[in-house]
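Order of writing sets the labels: A, B, C, D and E. Residues in every chain begin at 1.
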């Protein structure tokens, strides 16, 4: 094994992770969650066209490869005059994806809160929105941490697709080094190890958050 | 828009879907579920090293890009004398992935069945294994259909990565047609539409299965 | 119509011809009742007879299909078609006036006992936190939960949770307290703790509508008992009369089943 | 139905010095009891006193830390360290001998009523399907559920579900029937349906251990009543004596709270 | 789709229209798409250093002749034509082979690299030329003309991501040959990456690579052609060829 290559590539690979993969993941996840909540609420709305629209969006986002979504946003939109730089394009595509997947998670989590909690909120005098915000969502959050962290982990790996639209991140760096050295196996495994480390950190964070949110739940 | 190209590419694209994407997805999903069940049971086992091993496998599978997993299996294993053809390599990589993701789904679903159901099984004289098989899993199945269908839909799109290890499927056909016609955007969108159709069929199937499994549940 | 001979002034709440269907199932078939200020009305009746639906209508958790609810003289008419805004106003009127105690407590699991109680006063009524907390604390002390202020509901027994449920309703200072089988999810030996507190509230002059199977409580505390069956008030009267010597055979059969299950 | 009419000399089941702790909490502190063939033992006691744990030990859902359970003369010793296989054998011995009815029914929600009942006989006992189904059907008819054979549990009321729970236990033809508060999750007016069936079973000669708060049932049906508190049997005796005139102050206090919750 | 046809907005805002020399000069930069992962044509010095390579240096020199800065955008091959079509780039410099199909859709400069193909096989192979590929399996990437050449020779073509994978498959005996630039092979050989492999034969075909532009980039194409001619004349192209391949590859 070419240890020199392994070591000399650590710098650029981590650089790609820290300057590309990680900020891209964080920004897209944050925006994606907001979008997911809106989509979930729209999907549960009693306004039929709104619900149908949300369904359609979720279905297209989940049903088509993200690579194509990236292509359409970055290379397709200019044909209607919308020219977005790489980073905004990537963040939009990634957060739409998070939105599509997480919307279903959030919807299920909201539905998992017993109906009695809505009623308790109303009875205390809260409006629908206040009950949602102060009673339902905090409880839904607990249920949705594990599936959302799945979404997050998938997202981290999906950021590698942003390389196709000129964003330099971990995977792109790996490709460059691999192309130069033709040692693609070695470099890809090294990159995978870095992805793994990022995901382990995420899992640890997930554990912490779950524990925090579990403080008000009886344990078996 | 180049309608001739759109129409002439339908044949090869659907060919790729029917001979590649779909059988690959089905085979990997079936195998992956079996693996997932084993991993989930191992992870819940009271035998500490077994549980730790399952955790490690799940963590690596989920934490590293599937492209790298495919490469390791296809291009890496020959260096230790294991030369697998493209299809088996792809099925192995994809089902390991399904296994890693679905293991957590299945574990959560099993844990969601009330403890009283285990006890009812024991009380009727069943062993642990019989209770698992006849009481717990059928109920866990109901809970896990929505998240598993998410996994399936992701899988369908992930099969496109098998193109990198010489498996001819929808995306590889799209790349080939696009490269020869230089109409990447058009062909990719066409391919995306086909992925979408496949996913819509899956969602419909999901709805049917959910309905079937819901027959023994009261509705709000 | 109104069975409140001793009250001269208008009742706090009165319903006339309340009807409610779920799909094709008519659950309330014209309910007339009146709750004078400071009195306790007890609803009894078999499962599915519509008791919960009556309470939920009074708390605007259900919108009746027809009938009038009169609250302190203001009539809310549910037969007339109303705008969304009008329905909203009706809902708020009823909800502001009443507090509800549920069979399964429905405490907010993610909030401490104190937060459960102050959520309404602070968030909805906009009262100062310090004031709301002081008041909540003294209410909690009254029901013997002074030391549980800062724990979460799951750390409480069923009886303690239900006492928090009552305090949460009281903290809103509603004109009317509604109880839906508040003790039927409790361990039998703990039932007494909750009933005792309800009895004290009645003695203090709170106006209450209580759905319960605890006939002892009804006998001691109710001013009037209504027997519901099939969405209709079959019989109503003072507890001594109705519980001991019902006029209607359906009432008698129901009471017999309850009192002597093994016969 | 086939109770086991054998020589009434030795008790069917006897426990000696049964102990069980959960972590540092000692829940059973040496329980001695005996259940003669064809008799009904009723356990009463406050919440947390260990009643459920006693039943679960008899059904091998818990493994006692110490003590002996003697079943038809065969002694299962839980104090002695035992191999996994030996514990397994003890578990099977106890489970084969007993059937359990749970407070929350614990029916299999994904199986029809008939399948719930035949699951044990067919899958575990390996009896022919036709025979098992015929027997299950006749048992279901006996408890008034002949027409519910093919519906799912969610389509039944609580009382109906509990009757299925009882039939599911009976179908295994156990020597001993265990009931853990079988009526406390039921609507009060439905309680009677289930108690009546249990009374019939007692009259037919089934050997039963029943945890219940239904003192009327205990009075009428029990051969012996045990009062448990803090993991200890505080008092035992014939129902007439123990329920009407308990010797121990703790027993008296408990019965008072149950009978007069408002005092 | 936006790859071709369906013209929308007008004037210079439209990505569909070709770029004019004037526009480029006004912008002060020539935006050049390249993969950055195709040694020795377009790659990063030691993997993570600055972008370099034969195509990169040629394009830089061309930009200089035009009096503008060279601005490289690195993208994957999948996206390179889509990006050009969308107006993300002015030109592509990435060993794009000129062929009839592409000429219908794009403008090309005069070629700046001309390379014969080579049939690359394992040392013990009995394949001796293109003709022997009939019924054999070759690994080809979609980037170049060699895919077509192998297919026309009757080979069973496996499409791969790139040269590295093709080499790997060949070494692992999973394919029988790969047809590629001779130049690429020689570069790999220099780096000791071709142990156990050999060139069975050169092809008759040559692959001509040129700078690729959107249709209608007439003035820009003319200017680039002129620049390339000057670079040929002043020996720059020959020098770059020497640097990377030890020979002039521009004709």
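The rule is short, and it goes like this: a residue touches a chain if its C-beta (ideal position, glycine included) is under 8 Å from a C-beta of that chain, and two chains touch if they have at least 3 such contacts.
Heads up on the chains, UniProt names are A, B = ABC transporter permease subunit; C, D = Amino acid ABC transporter ATP-binding protein.
This structure is a prediction, so every number in the text was calculated from the model and none was measured.
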Taking each chain's C-alpha mean as its centre, the one farthest from subunit C: E
Most widely separated chain from subunit A, with each centre as the mean of CA atoms: D
Subunit B and subunit D: spacing of chain centres that average the CA atoms, whole Å: 45
Euclidean distance of C-alpha centroids - subunit A vs subunit D, Å: 52
Chain centre separation (subunit C, subunit E; CA means) in Å: 81
Set of subunit E residues in contact with two or more other chains: 1-2, 6, 78-79, 82, 85-86, 165, 168
Junction residues of subunit A - those touching two or more other chains: 67, 71, 75-76, 184-185
Contacting chain pairs - touch in the sense defined above: A-B, A-C, A-E, B-D, B-E, C-D
Subunit D to subunit C touching residues, read off their complex: 46-47, 157, 184, 187-192, 195-196, 199, 213-214, 216-217, 220, 254, 257-258, 260-263
Residue ranges of subunit C touching subunit A (in the complex, touch as defined): 59-61, 95-96, 99-100, 102, 104, 106-111, 119-120, 123-125, 152-155, 168-169, 172
For the subunit A and subunit B complex, residues of the former touching the latter: 59-60, 62-69, 71-72, 75-76, 101, 104, 108, 115, 146-147, 150, 153-154, 157, 160, 171, 184-185, 188-189, 191-193, 195-196, 198-200, 203, 220
Subunit E to subunit A touching residues, read off their complex: 1-2, 6, 8-9, 13, 15-16, 35-39, 43-48, 73-76, 78-79, 82-83, 85-88, 162-165, 167-168, 188, 191, 193
Residue ranges of subunit B touching subunit D (in the complex, touch as defined): 114, 116-117, 119-120, 122-126, 130, 134-135, 138-139, 142, 215-218
